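Should a chain be cited, it is by its letter among A, B, C and D, assigned in written order, with residues numbered from 1 in that chain.
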Amino acid sequence: MSEEKNIEQPSKQAKTFENPYYAKREVTGPDGQKFIVDPMKDYFSDECPTVHEPNSIPVVEKFLNWARAESLWVLGFGTGCGSIEIGPLLTPRFDAFRYGVMPRPTPRQSNVFIISGYLAVKTLKRVIRSYEQMPNPKYVLALGSCTINGGMYYDSYNTINRLDQYIPVDAYVAGCMPRPEALLAGFNKLKELIKAGKAENANEYAKNFDWYKANQKKIIKDWNMPDYNW
Amino acid sequence: MDFELKRLGFTLLGLLIVLNWGLLMGAAMRKIGARVGKRYGIPWFQPWINLVKNYAIRTSLSHGIMFYLGPVFRLSGGIGLFLFMPMIIGSQLWLNYSFQGDLVLIMYFQFFGMLGMALGAGEGGHPYSAIGISRGLSQFTTIELPLTLAIISIAIQYDTLSIIEIVQAQQGGFMNWTVFTNPVATIAAMLSLLGVLSHSPFNLVIAPNENPIGPPTEYHGSFLGVLQTNRAILHVVEAALFMNLFFGGATNWFEFFAKTFLIYFWSVFVGVVFPRFRIEQSVSWFLKVPLVIGVLAVILYM
Amino acid sequence: MKDLINKLSKAYELSDVVYQRPNFTYATANKENVISLITQLRDLEGFSHFVLLSCVDWIEDNIFQLSYILNNPTQKYDLAIRCMIDRKEATMTSAHHLWEQIATYQRELKEMYGIEFPDSPRLNEDFILEGWDDIPPMRREFDTKKFSEETFFPRERPQSNDPATYMKNKMHPDEWDNTPSSKG
Amino acid sequence: MISPIHIITIGLGVAFALGFVNKKAKNFSATIMLVAIGLMGAISVAWLTALLQGAETVQIFTAGFKPPYSINLMMGIHEAFLTTLINVAGLLGGLYLLQSLKNAGNHAIMVFLVFIMGLNVIIMTRDAFNLFVFMEVVSIATAGLIILTETGKSIQAGFKYMLATGIIAGILLLGIIFAYYFSGTLNIDSLAEANITTLKGGSVAVLMILVSIILELKPFPANGWALDVYEASNPGISAMLSAASATALYFVLFKVLAIANENWYHILTVAGMLTFIGSNLLGIKQNKARRLLGYSSVGQMGLLMAILGLKPILGDKLEFIAATILVSHYLAKAGLFWLAGIVENDNIKNWSALRRKPILLVLFGTFLFVLIGFPPFPSFYGKWELIMQLSSNQHYYVLALILLGSFLEGIYLFRWLGYAIKMDFETLPELNINWNKIIPPVLFGVLVYVAGYFTSALVPELSALNYIPLLFIAGIYFIDSLPAYIKNTVAIIGMSIYGYQILPPLYENDMLRFIFAAIFIGGGILTLTAGYAYKGKRSGFYPVALLMYAGLAYIIQATNTLEFFFGWELMTAGSYFLIIRGKKSMPHGLSYMLFSIAGAYAILAGFGLSFAGTGTYNLSSLAGISSNITIIFSLLAIGFMTKTASLGLHIWLPGAHAEAESDVSPMVSAILLKAGVFGLLLLIINMGHNTETAQIGYILGWLGALTALVGNLAAAFQEDAKRLLAYSSIAQLGYILFALAMMSHLGLLTAMYYSINHFLYKAILFLTIGAVVMRVGTHMMYKMGGLIKNMPLAFIAVLIGIIALSGVPPLSGFGGKWLLYNAILAKGWYLQGAMVLFSGIIAFLYLFKLIYSVFLGQMKDNLRHVKDISIWFAIPVYILIIGIMIISAKPEWVLQPLGDMISQWYPNAALAWNGGLATGPYGYWNGNGIMITVGIMFVSLATWLWMMSRKAVQVKQFNIVYSAEAPQRPETTHISYNIYAGYNKALGWIVAPKITAFWDTMTEWIHSLAQYVRQLYSGNGQLYAIYVLAYIVVVYFTMIF
């Protein structure tokens, strides 16, 4: 092994990551006037998330939480190998519809984000974007060991170890892989939390926004999106 | 004036009934679909929960004024159709505001919501919205053709375009219904109905698999709630239109529920059996079979 | 096939020929000869299909081994041309002009091993990794566990147990000793 | 009174005297020459005035003997008039040629003088031999003048000329000898008295004389030599040949015709028509300016020859017709040849050089319009009278051929005009202009207007015409150098005053005309308001725009067909210039003009037939026609349908409307098309009560339905915003045609309601889109997007416009749909009706595309800072929006008077009104109530949703869900291009450009034919001589059989 030590290490590459599409550019308008377009400012909103306080009347909030719990719309985004388990969930055998669970194709209309297993850094970026695009009462269901401690990829250079460092997680479903029944159990746990008013992680995310952002940006080197993706 | 107030009250009550009936009918159809697939299906009150939840969503994003007006147009379209549609024949109070316009008004008011929604979704700037709308509009043009022919046919038959008069002409036993007196027009119209209610096989507009949800891709929260409300109302009103034109109308609410349910069931029945058409397929399809039947319906009365 | 190998051996000084399977042969060529060799294989010998280009890091020998696997669809025969290049100056002539898809393999090798292929298209663009600024991760001197621990907030992992003792103590304390296997 | 003989004495004397003048005193000799021609002219003018005041025709007998023993000259009204023309042309031509003549020396000056003098004598003489002598003199002089420009080409041409005229002269001489031999006289009058054709062998003499004179007039195809002459000689000379020589020779034919018998009239007609059509056909393929003018000259002479041949039927109208056309040709062709000399570039594409001096361009345009026969020029009246006479005498074939020939002439003349107006002129060299070259054409340009004015005074049917608008336009032209806003104000004030004068009486008396006048004048004022947005001078815009409006106003006020046609042609001319102002409008302007001319000729023929049937020009007499109803109705309908751009005749419209300037598009779309609707309405209310027309109506109904379908479908597949709107106009006019064709109360009501509505919303849309295009600099919708943020005013306008257009309640378009349903059901046109309604739904496709692609979706980089539309566009747009809102909320205000009006003609099945509630034969509709209901509902829902989402975060354009990615560029995220691909796959075959392909094929055929026939002219002098001989032989055999 002493030989290995002699091998000189290639140094870290000094790289800058700039998306050419989002670089500032000079543009000529139709009347010949020249101006600078900065896509990051002009094309994306730079507002930060705000904390939405629950309804001040407890009974109303309880009712609304009940409705939220009974109408869980899932963002259909298969982030890892566990998404193979989501399909059976909707089949006659497990039929998650009876619990008010329904897949939606767009984050705008979804409340539950299922992170189904390992997350590569690359995927994490998309996960963050989609998570932030979901409207406020939103819940994250983390599926499988990988989201808890990295699972079998604990020493991989490109999969994260702990999901809750990057986005708030409401419920974990452990296992590698968890079966659909476990997922259903996860949904029911989530319902309990929502009904109890404990699933306010969207607000937590807004409160601890800087901390989450610092963690995200630590590993996503080519951060080429606004701080909060509306 | 007193009567006017009374009418307003009854109309609003009718709207409430129609909304809830629409939601219930939607749930029932989902349930039927589930049972066909040997699933248990959603609870019957699921649509109400979804509605409450959507209205209770806290975040609200706006892409601009037209984005916000889109759902307003859409719901106005639905409610407007309700207002101009006589619901229960036999009572002046359930005729809503149908004295302001006839069948032609109903035909063209359908577009009010569509157009507004298209514009609202357009301002969302999402490519899928535009694709969905372009498909929707393409399909809708051809859906309307057999329907127009069917309506011309029954207008010739009853010598009027007034829905109330058409319904009154069908009273006195089910053999007087248009479906028996003018079956060809009814067939053409019922084929159009499949497209109007945009269930499978004519649901490419919102086809979730290839074109996530189509026009409302960017809509969420209360905007989506408004759209769902409209959908519930619209489906009942469309069914009521066909009920009035072809199935003798309704003289009381029970008849209304039964008939609208069965008419709506027709589209679901087809929808659970047939797979989805591509847009040029559905356009060509409407211009083949239903068009020929529609032309036949007119020729028979020429 | 042996005829072919013999013929080529004379021209290109092939070494370490391994007849792995009846339809699969390894041969090693010099770095300088590889491109002309596979050009000839493609144009004259019917190896029209390029299967893959891969790399092995022989850190102990201070070399990278590149393997160009070619396929002759008419004779249903695969030929892998190996080529050793120096780790320190890991540069190889690009072969993207022979098969366009080689450019993609070369991008991967550049990203994962840091091997240069001058003139290969889009070589320096991100391929699989996004925003990677460390040393290429598939080089064996890259310590992926250490990297993971430094980067990804490792959770305290539970004490790892020997499954046999764990099961014995935790789940079947009574029965375990009586099983035949434990006796034998 | 000076004896006309002195014309000769002055001419000859000065010419001889010039021989003694020092050869270097060229200025002196040139001046002397001009003075001499001036004196000759003075004598002619003096005689003309005297004769006009009633003096007697004089005969001058030289040598004191009476004919046949002497040469005698005559000075009558014809001679005085024509010698005046020739001397004026000679004076100005001499002035124009001053430099060339001086350079060539004294002998050239002499030759020119002799040439003019000879022409005078040719006109005055009554002696056949004298005629021959002076024709020879003129011939030789001409040949001398031709080779004045010493190029190889001109010498060749001179030789060919000598060759041909030599043959002709020989035959003429033979003929004269024969005539003398058989009749014993040389005096033409005596020859005529002797009735020479009846004499033995006399017909041979007549044949030889007449055929040689016909040949002198360059009949097709024996005219190759003449074309070479026109092309090769100095343009000043060509002007003389074309204006002066041709005039004189024409008169010779006129004179000599007295000796001929009936058969010759047919020969003349045939030869003339052959020439007219043949040379105009050949002109199509021609790119050289002077040769083109040659073709045109020859063609016009052919027409004149044919007119002479039609003498038996034209009777006492002959002189008026011939004189107007001859004078027009004389003025225009001389002017054009002179311009050719100024341009000094023989390629017609390079005539854009005229734009360096706008007055020249105006002259050029004027002369071309004179040639085609547009009002207010003399040829217009001549052509009108000719057509009327021909049709009342049932000479339909000749009529058709004349119109065909004129149409062919229009093709190349307007193509040429298009080049002059539109081709790039920056690269062309500066014009080299001397004062003496510019005075003659300018003077002729003025003369042509004066002539037009005096000619119109001769036409009793135009006595009621109000010339103030035309004078006003001329005034506007004279202040053309002022800034645009001043002219705009003047124009608006002028139109307002005019509107104030004509609208109130129309409101009292004639609702139909009032509505169209309100559209034309009100729309005109509104669209002109947008003109304030233009900076600079905008030279040339206001005269033509006002010309179009003046034409429209004349159409409205016309009481007889001539006034109507006068207005129609003015409107066509004005709109042509408006359309061709657009950047890429050259081909579209041409196709517009060609369709318009063809349409106008159809109308002309229709009016001619109606005149034949009723014997009066009165417009209301259309109702009394009893014969040829089908043909008259079809011809007029086709004519009007070129303006309404019905299917088959629509191909000019998309390009013309799309490429026109932003404020011109609404003028030509929202307003101009209504002229066609007005015409059709007139036609239907007058002639619609017949069974024959009802059958045509059935066809028109289908045509309208097809137009609507194809127009809307084509609009859905456009990428160019203005082209989309143009196709939409086609479709809308299709609805109107469909509704009109029903010829029922509801049908007409629908058509009128649609006309008003289409005016409102299409003006809104075209103005707004035009203003947007001005801001963003492109027509292509996929290059725009997201402009709602920058252009809220424009967005609201377009939104209102498209809701109104689509027929969605509560806006006014719905009324149209409701009326249409009722009309269809009442008429029983179910299948066509369903087609129309179907195409109405297709409209949603393009309306959505329009508003979405431009205002919604993703904004592009370069448009991030564009401003909202110009306030000057916004003002008229919002006034129109108020109009739409009023009509939407109170439809009874419009529909009730319309219904009352239509009940005059179609009283059955009218709507019953009860407050705002309209009850038709089938349904009922309360526009007022719907507006209120929808308004209240919409506002309350909007408020409710706003309450719920008032804290919404305003996000930007890339904040969309994008499959967990973010969009990279707006261009790739904005879905607009070919958005209806699926629809195109299913239905695109309907709008495959078959009709365009058909017209393209037609054009190709005509060009190929022209190319084929052109091979006759090989350029070989001997061949040309053989043609001449062959012509004689053919005529001879024709005479025998």
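One rule holds for everything that comes next: a contact is a pair of C-beta atoms (placed from the backbone, for glycine too) under 8 Å apart; a residue touches a chain by one contact, two chains touch by 3 or more.
If you're wondering where the values come from, they're calculated on a predicted model, not measured in any experiment.
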Most C-beta contact pairs, which chains? B-D
Please report how many Å separate the Cα centroid of subunit A from that of subunit B, as a whole number. 37
Using mean CA coordinates as chain centres, what's the subunit C-subunit D distance in Å? 80
Separation of subunit A from subunit C, taking each centre as the mean of its C-alpha atoms, in whole Å: 34
Whole-Å distance, subunit A centre to subunit D centre, using C-alpha means? 70
Listed in rising order, subunit A residues that touch 2 or more other chains are 106, 108, 230
Quick one: which residues in subunit C touch 2 or more of the other chains? none
Among the residues of subunit D, which are close enough to touch at least two other chains? 953-955, 957-959, 961
Go through the chains and record each pair that touches. A-B, A-C, A-D, B-D
So, in the complex, the side of subunit B touching subunit D is made of residues 55, 59-66, 68-69, 71-73, 75-76, 79-80, 83-84, 97, 99-105, 108-109, 111-112, 114-115, 118-119, 122-127, 130-131, 133-135, 137-138, 140-141, 144-145, 148-149, 152, 155-156, 159-162, 212, 217-218, 221-223, 226, 278-280, 283-284, 287, 294-295, 298-299, 301-302
For the complex, which residues does subunit D have touching subunit B? 786, 788-789, 795, 799, 802-803, 806-809, 814, 817-818, 821-822, 824-825, 828, 830-831, 833-834, 837-838, 841-842, 844-845, 847-849, 851-852, 856-858, 922-926, 929-930, 933-934, 937-938, 941-942, 945-946, 948-949, 951-955, 957-963, 973-976, 979-980, 982-983, 985-987
In the complex, the residues of subunit C that touch subunit A are 59-60, 62, 87-88, 114, 126, 128-137, 139, 141-142, 144-145, 147-149, 151-155, 157
Once bound in the complex, which stretches of subunit A touch subunit C? 3-4, 7-15, 17, 121-122, 125, 148-150, 154-162, 165, 215, 218-223
In their complex, what parts of subunit B are in touch with subunit A? 30, 34, 37-43, 46, 49-50, 52-53, 56-61, 208, 212-213, 216-221, 224
